Amino acid sequence: MPQHTIAQLAHVEILSAKPQETEDFFVDLLGMSVTARDGQSAFLRAWQDTYHHSLIITEAPDAGLGHIGFRADSPAALEAVAASIETTGRGTGWIEPGHGHGRAYTFTTPDGHRNEVFWDVERYQATPEEASVSPNLPQKRPLHGNPVKRLDHVNLMAADLPATSAFYQEHLSFLVREKITMPDGDLGHWLSVSPLPHEIAIMQDMTGTAGRLHHVAFWYGNDTHLNDCAETLRDYNITIEAGPSKHGITQSPFMYVYEPGGNRVELFGANGYMIFEPDWKTRVWTPENLAVGGSMYGLELPPTFFAYGTPNVEIGEDALTEGFKHAPDQVPVS
Amino acid sequence: MPQHTIAQLAHVEILSAKPQETEDFFVDLLGMSVTARDGQSAFLRAWQDTYHHSLIITEAPDAGLGHIGFRADSPAALEAVAASIETTGRGTGWIEPGHGHGRAYTFTTPDGHRNEVFWDVERYQATPEEASVSPNLPQKRPLHGNPVKRLDHVNLMAADLPATSAFYQEHLSFLVREKITMPDGDLGHWLSVSPLPHEIAIMQDMTGTAGRLHHVAFWYGNDTHLNDCAETLRDYNITIEAGPSKHGITQSPFMYVYEPGGNRVELFGANGYMIFEPDWKTRVWTPENLAVGGSMYGLELPPTFFAYGTPNVEIGEDALTEGFKHAPDQVPVS
Amino acid sequence: MPQHTIAQLAHVEILSAKPQETEDFFVDLLGMSVTARDGQSAFLRAWQDTYHHSLIITEAPDAGLGHIGFRADSPAALEAVAASIETTGRGTGWIEPGHGHGRAYTFTTPDGHRNEVFWDVERYQATPEEASVSPNLPQKRPLHGNPVKRLDHVNLMAADLPATSAFYQEHLSFLVREKITMPDGDLGHWLSVSPLPHEIAIMQDMTGTAGRLHHVAFWYGNDTHLNDCAETLRDYNITIEAGPSKHGITQSPFMYVYEPGGNRVELFGANGYMIFEPDWKTRVWTPENLAVGGSMYGLELPPTFFAYGTPNVEIGEDALTEGFKHAPDQVPVS
Amino acid sequence: MPQHTIAQLAHVEILSAKPQETEDFFVDLLGMSVTARDGQSAFLRAWQDTYHHSLIITEAPDAGLGHIGFRADSPAALEAVAASIETTGRGTGWIEPGHGHGRAYTFTTPDGHRNEVFWDVERYQATPEEASVSPNLPQKRPLHGNPVKRLDHVNLMAADLPATSAFYQEHLSFLVREKITMPDGDLGHWLSVSPLPHEIAIMQDMTGTAGRLHHVAFWYGNDTHLNDCAETLRDYNITIEAGPSKHGITQSPFMYVYEPGGNRVELFGANGYMIFEPDWKTRVWTPENLAVGGSMYGLELPPTFFAYGTPNVEIGEDALTEGFKHAPDQVPVS
């Protein structure tokens, strides 16, 4: 198998019991656009996303992750990934071409998160009215909302973080760029296939639930836009869970909110740093510096940040404390 | 007469032969809102303007200034201003209460620019849907365009700069905060009644035409928004004359564009500085440092900046050179 | 007495038991400069402060407020203020000209905070090497630290907020721009003599201690610089208490830190809004919207923010809870 | 040969006849640090550069490019690159390990620019005092100057642009991300081995001179820092050639200045966009949209931008016009 097989995170599907409210959030407040609808799903993209869509909103009884879509490096890389995953028994077969991309190989992580990988894609084609004067931009900057620029990453909660992370490393060429290591085990991994510090993050699910979504993140590339967005969202009844502030981990300026369907969404500022070293050593966070990892500035992340995911699960205080038994005092628990 | 009589620049009326395109520019691109219409006029405000309107767009054969509206410090100050101007013969009488304010005293500057001053005002009242959770904000941040926050200042071209400036100083309590002094006379004055370095600027009209408008300026309070705005306006066929950049004069981050009706509009970034000294000495720019005055960073302002105003006038190259005969080499002429 | 007598907050003196560390904080990290030393005091200014100094650091056994210095509107206004305060019995006499200003009238607030007011001032004169090419800037931007631009405001804790606020209103022409009103009384007042929403804030001291300092604030005028500063301060062992974030009250982007002597210092971003209305109605915050007042984005302010001041006082948990008995649940207490 | 062999641009050596002034510029104004000295050379790095150095300043009679250093993807990739270049006759042999890296293979482009590629590197190790609390940062943010974060790219002028570009594509795995194509040929290529739109740009040298340097660029990752930097540099007698503004090409916020030795240096703001598509189609700029390519906002780049490089060459106006004969009217010529 080639060393590098996955080119990029291409799209994320989220589930919502309030699909219209969820869509309005992404369109009216975050400036995204709907490019297609099909059955219970709406397909959306941000103005600098180059493909047909980067987000799918699908109606479902509960919030959560639908699936994650990756684009392979090449047709050969796609075949190699599929062959590699077939050996694990986690493959769920090829699917026919659908909205925005060609045939795709589907599979689940050991934790049950659904994924697909494909090569052929449909690029977004601006109408003459939407087209930018700049040929490197897919379209003009939108005039509605606080327009996010592109999909950045997805963060998964996993009942079995080590297995989930190992799966992405072994079969999809991801590298662990940073991680949190506690006395009893790892709490979080940040993985990427590019100079971005992560396209996928995996957090240990404190509740022990498998296959949940922590958040999907969209990129502004600019910290001021986080402030604009926060100022607006607060006034439009969107709950801001944390930020705007900055993580030490990945050095990323962040803001976390709950879209009306209940999924956590991150708005992402300027690039903190990028990794160009081919032999980058995983940066390790430990109880000693974990507070810096959570917040570069000193803000304490709220307990929900560590326990809430979608679908939501009811958790007793004891269960949570148990889940956190290896957490240091500085990690707040609810 | 009290020493301080004018509280603030309250609104500016501009004329446009393409009133609908002009209105669309301010609404769709700059995020302003229409609060009333009457005859050939539309009344608009930015989201942090506290009164009924800060901009009036009136249909007319040519672009240019309609009038400037000031709010007095008090009812007594209004009477004092009116009495003072009556002595000059430039008064044009009281007018009845109209849209957004009470009875107003009207007059013209020695150069012919129309002005009015009033005390009673109608404050903008947000609908429950528009209301912000923050009681110090007139409304929520809009979700359309790149929303400017408030009217900042107006810049006039004058055939007789000294007389026009003296009029604002003597009868409306303005102070000259900065000025450009050339060997043959003054080229520009920046005047204010508040810690802002200017609510009114006056530039010598190189063409000798009286009573023209150089620009009206709206405030973002943030330099990043100038970049957002520039990026958008370029793609929506709005001509950017200069910037985003920063003047040395008033230390203001600027961008100049032409609205579709032909009037120059300035988009204004963060506050460069504010004047809290009660005995501030007018800062004087001379041929030696005028290039810094035009651009803190070194960008040369285009010749149009010095010669174009509304209504536009045809000027021969000789006439212009003549008008600029006292200008240093570093002031570009067309 | 004239209606408007105080022009501006000119300087603040803070006390420190670690004067060298305190000075290093303001110089090395915040980019300020020492302009004079005298006895146990060092005099400093930020690069856009126009006078001799805006901050005095004086060695003392405990942290806290030394005094606050105001500049009057005029010589006559100075006399009027002095005469007005003489009637209250709070005057402590005229002092001879000292560093940076002429003779000053001194007095204490009903809560015991020391103040002075003067007219004559010494302006900072840049050396040829420090001088800017722009005549409206007192000097070049410094090349050390994250240079704050100017003193912005001071925030006092008062055992008797109503009396302290009334004193500034009645004798120093301050206006209350915003306030927090709880069922049992007012928790905070924000007062100004200019379009800034405050040069002085007064918070009810929950511990019942008189005359303490909550914080002194320096202005960046730009939110990005708060992030730069936070990033640096965290790495230089300065405790960040809260932020960077944004208050609803005064709409101000903030960051709070403790300088090494223990005094709280606020770093202040872009102007949230300015008040140009001459008849501005005090905006009132109540239990219903107080959470927005504390944080426009939703961040909860830490309990220390409400209880810690300088000099520090030991407070039992009961005492504090008692002090907060009228505080809503959303106000965190330690 | 593997498809991808070069990991990153690792360092650039520039020549200066005023090496101390050049060093002071990078240290005092741009916040870089000297990590070693050897003979006529000083080695520097920016605070987020992870290796021993990213810039070498070497004393020489004329300004210009010393050499460019690349890090290979792996030891095998290094050997593959060397073997590939050996076939071209442009190899100049292996050199022994030097400051900051192991043995390196050296070669020149068809235009004569000197290059080297290596695998082994020495990473910068912060002293305990310099170390950041965040393990993904090489050190604390410096407290001097306006600290740039890292080396971003180098821009070469070439007498033979097509051959130079082809060389980087064929032997160093670079891809052409954007280019300017005029009726008579290509004027500029932007090439990269990563999602950055360029680590190397090549511009046709209008003077026909071979092997010159257009500029070396350092990254702020934040547009506000360009304004800070511009404000400072203007006051410290550094000539700003253009900006801060934004190119359409690569969508990069830029500022160009001349360091005291005469080399052009670019300060680079936020990332305009990144390329994650594995089959990205080169974006082509033509006479029709070249003005947008030069400036997203409409600013005209000065004639020097197209003709000046280091070492400087005297050029007659005719020669330049000749060199520009295929340039459209909107490209300014001196």
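By written order: A, B, C and D. Residues from 1 in each chain.
In this section, contacts are C-beta pairs under 8 Å (C-beta built on N, C-alpha and C of every residue); 3 or more make two chains touch, one makes a residue touch a chain.
These numbers were taken from a predicted model, which means no experiment stands behind them.
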Message: Hopping along touching chains only, can you work out the least number of steps from chain A to chain D?
response: 1
- prompt: Centre-to-centre on C-alpha atoms, which chain is most distant from chain B?
  reply: A
Task: Could you quickly compare A-B and B-C and let me know which has more C-beta contacts?
output: B-C
Statement: Per the C-alpha means, the centres of chain A and chain C lie apart by a whole-Å value of 42
- prompt: For chain A and chain B, what's the span in angstrom between their mean Cα positions?
  reply: 46
Field: Intercentroid distance (Cα basis), chain C paired with chain B, Å
entry: 33
Task: Could you check chain A for residues that touch two or more other chains and list them?
output: 133-134, 222-224, 231, 234, 292, 296
Message: Give the list of chain D residues in touch with chain C in this complex.
response: 28-29, 132-134, 140-141, 143-145, 222, 224-225, 228, 231-232, 234-236
- prompt: What part of chain C is in contact with chain A in the complex they form?
  reply: 223-224, 227, 230-231, 234, 239-246, 253, 255, 292, 296-299
- prompt: Can you name the residues of chain A that touch chain D in the complex?
  reply: 4, 7-8, 48, 50, 71-74, 133-137, 149, 178, 194-197, 221-223, 248-251, 270-271, 273-274, 276-278, 283-285, 289, 292-293, 296
